[in-house]
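See the structures that follow.
Look for subunit A in each of the two complexes below; its partner is subunit B in the first and subunit C in the second.
Moving on to the complex of A and B:
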């Protein structure tokens, strides 16, 4: 270990993993193509993503506008029927799918950034830094996220997707930090990390170039879970009435359906599509995640 | 062991302090005037009463004093059990309103959590590594965990409540009854309890089953399981050992999932208009009753902390290693 320390060692190391990485990449692809869970999950998620991106362009009116006859069940003109006020539910659904992906990416992204940063620093630095960050993680972990969010967002008079995402990110990161920390902890003591440290590289550089790439699959899966969690949390907030003001989202659709007693009126087309949309998107993300796990983790593959 | 518990207690104390500080900070540092926005929603027609309420709330917020002083007086009020007075149900103390709602939430939450945990674990352990079951249980389980609590509640309320008409869908008991210990009241209470309980139970079940299934697969890879298998031990015996080992992370999981489960209970209550904390949150939001809202927040946090502590003690009792090592294994 000592005779390879220094700049030439690291330069050589940077050269060698290339082919190995490529071979592993094609092997991963080989298993990915044969994993039904991954393919089905990915297919459904991509289909919804496409719907969220393209769908709104085919809706020529504002989703909250009163366009049609009132309380129509699904028919040829209004695919998912209309609300008690004559709003087109299909239009709301399509815009809602779009905002679902936005809040997932945004809320999940903020949580991912905080969680991985805390996790990497705690796992790599160790000692007193780890001690303090761990304490912080545990404190935020114990606080019930949705209830904190309700109290914090209740005071805002104007709410948007952006604010909602930031708040969700700020409260849902702890478990990701924990997971990343435990992985980083075991990677931080590897020889090649020691070597990088001996060569005098910056901590941040070591984390991003030596440690993070070795747990990239893990990071991807953490992000997917955070994404799903953010979507569900946002739906809960929207349902309580703390959603974006004047926005459209699947959670807000559920809220207005309950507020205008769609249940008692038997207007199933008002409350089934939004919940089904959330369930299918998040559910297929989770199944996609299991597929990824099986592809990256040989132990689970033989099932 | 004492070091472990002491460490945990310290984290909980810290969490409580953080929660109280959040509670104190939010109304003071968010934009807007909390007192005015609160009173503008509370429909008070009598100008004299409005005047009295305004001076009262200004005094409670103590906005004319310095920040550290405000913080200290906030704590001293809290430790005296004074959570302020509600605007929604003026002049009733917040504490009384919350204490009236807590039994309903607990009655819903405790059976749902415990039953879903026990049954989900059994089911997950049973499904692991048996091809057919695994391929059906896994997707169903994931879809269940992805289901928003309020949506499943809506589906159940609509299908079993309104279309089939088997169970009532609103309230904690029939509106024509008054709470007492008669048979009529208790049966009405139970029939109103079934649907909210069921929706919480079903969503939570999926998560536990998946967690257990994954843990069992992991345990069956372990050396002791392979060794037992090589010795020719019956499948059931290996499973039993794996199950006992897999239980431990599931107990920790219970503590981690607690926040999500409580959130689920609150959302479910709103759907069924169940007279617990969730419905109280909704009505306090609608009438901008921030004292009530913050009181509920503190109550939920205290509940979570107590539950976490109980889980920690159970963990120490069940896992002999934490007792021997005397270190904080899971933290």
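Moving on to the complex of A and C:
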């Protein structure tokens, strides 16, 4: 024990108070910069994001337009080759990456918002509120999501990415709500939550500053899974012809590659880029999540 | 100042909420300004539950808890609750779980500042924090800017006491605050409590340790299975225990110069005169009988 009663040295230490917020921020940054998992994961995700944002600006034709010779393997002019119909796969790929991020953000975002709100309120409030929200969650959970999506989306006249994302979000939130609820339920009984109440904190503030930060990596993980789930669900919808009308997505690319027998014809440049794209994006999000866990949780740091 | 009147707390237990667990049974007691009241009892006797009900963290099933004239179960709304916590604060049993592990330990001070003293300049506030730390005899250099897992239980416990001192409180609920401290700091905290008492603070001191209760408190309340077994001025309760349970409890305190066999033999040789214990008319209530002035005995629960 370094601490003995009598408290010598009180005066000297008093001279250097530092603003708590600034210090904490710079410390997180300090550990973030030294975490290879975080850097690699973030780097790859950002690279794809940048590709999705900037790439389409360098494509001067519609990605579905028939622009070149048919069934060309990758070459200098068409970087990823062309389809059976002479569509530029590189153009489809960059547009597809863009819509993958959009659908992941909309779908995952809507599901995340509903799921965490329901989960936190149910877990923190408990009692009758918990019972009602839990029942609602279970009802939505047992709905066959894909069937509901097919029916709902089939009735829509205009199908855009945004609408697709919202519908995916509305059907995939329950498991996130359950996961967040169970965590919040255990965290809400901790003494520091009581202490925050004694410090005159409001409920939403306790949830956002005491409970949520303790499961920040859990929340990021949920978002990543919802993001990936939304991408996969969207791909599934695209596959049965309920994708965005006139759009391009990695899912649609895979679907048409399969539909036009790219596998059998050995046109690897048609199906590998979209498949690898989805895999790398979701995979690097996972690595990013592990890195974030190490940065945010002081107990996992090397002291 | 604080008055509990016929407070009950019943938990529903079991898969369908069919079972009932009576944690607190018909407890009535008062805490006056400048008075230390110790709640003494074994594990599961309901003493911590009473503390948490006073702090408004649990709601009593029935009965009223009145603080300075207002029934705290009727406090509605955030602002009123916040005002209540400006005057009543608590220190909990387990210091390790009182700190959010991902933040620095001194954030508990910052929370008090942002909630109650948003206009106090940082410099002035830092001075106040240093004063409070000096009161609990902590070296600021050792405890500020550290994470909870880098500090010892005793340091964390004293940080919590310092936090409560930052507010101008009238009543402190101290739930087993000594248990985590080592012997040298224990006496410091006990002396701190008596200083606070001098300043007119009412303290509800929850403990399972009879000798601590004896040392600090003006009034002792011995709890058994949620009901009061014996209540009265500490000197009278300890010199002349009337309830069989309190006698048993006191005879269990190890004594330096005598073995338990000798204590038992002495107790058997001259048995104390029996008092008439009250009988409960039903499962719910637990009446008290005033055996001598200010000294009450409760029901016998076997």
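In this section, the second predicted complex is superposed on the first by the 220 of 303 C-alpha atoms of A that agree within 3 Å, B and C clash if a C-alpha of one lies under 4 Å from a C-alpha of the other, contacts with A are read in each partner's own complex, and residues count from 1 in each chain.
Convention: contacts are C-beta pairs under 8 Å (C-beta built on N, C-alpha and C of every residue); 3 or more make two chains touch, one makes a residue touch a chain.
For clarity, every value in this text was computed on a predicted model and none was experimentally measured.
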Using the superposition on chain A described above, determine whether A:150 touches subunit B (first), subunit C (second), both, or neither.
-> first
Thinking of the overlay built on chain A, is A:61 touched by subunit B (first), by subunit C (second), by both, or by neither?
-> neither
First, second, both or neither for A:239, with subunit B first and subunit C second | first
First (subunit B), second (subunit C), both or neither touched by A:142 | first
Which of subunit B and subunit C A:191 touches, first, second, both or neither | second
Would you sort A:201 into first (subunit B), second (subunit C), both or neither based on which partner it touches?
-> second
In the superposed arrangement, does subunit B or subunit C reach more residues of subunit A?
-> B
Once the structures are superposed on A, label A:213 by its partner contacts, choosing first (subunit B), second (subunit C), both or neither.
-> second
Is A:34 in contact with subunit B, with subunit C, with both, or with neither (first, second, both, neither)?
-> neither
Using the superposition on A, tell me which residues of subunit A are in contact with subunit B and, in the other complex, with subunit C.
-> 299
Residue numbers on subunit A that touch subunit C, as the complex places them | 1-3, 5-10, 12-14, 17-20, 23-24, 190-192, 194-202, 210, 213-214, 296-299
Of all residues in subunit A, those that touch subunit B in their complex = 37, 134-135, 138-139, 141-148, 150-152, 154-157, 175, 228, 232-233, 235-236, 239-242, 251, 254, 257-258, 263-264, 266, 268, 271-272, 274-276, 278-283, 285-287, 290, 299-300, 303
Taking the complex as given, what residues does subunit B use to touch subunit A?
-> 11-12, 14-15, 18-19, 22-23, 26-27, 30-32, 34, 37, 129, 131, 134, 138-139, 142-143, 145-152, 154-155, 157-158, 161-163, 169, 217, 221, 256, 258-260, 262-263, 266-267, 270-271, 281-282, 285-286, 288, 290, 293-294, 296-297, 300-301, 304-305, 308, 331
Quick one: in the complex, what on subunit C touches subunit A?
-> 52, 55, 57, 78, 81-82, 85-86, 89-90, 92-94, 97-104, 106-108, 110-112, 115-116, 122-123, 126-127, 130, 133-134, 137-145, 147, 149, 152, 154-155, 160, 184-185, 188
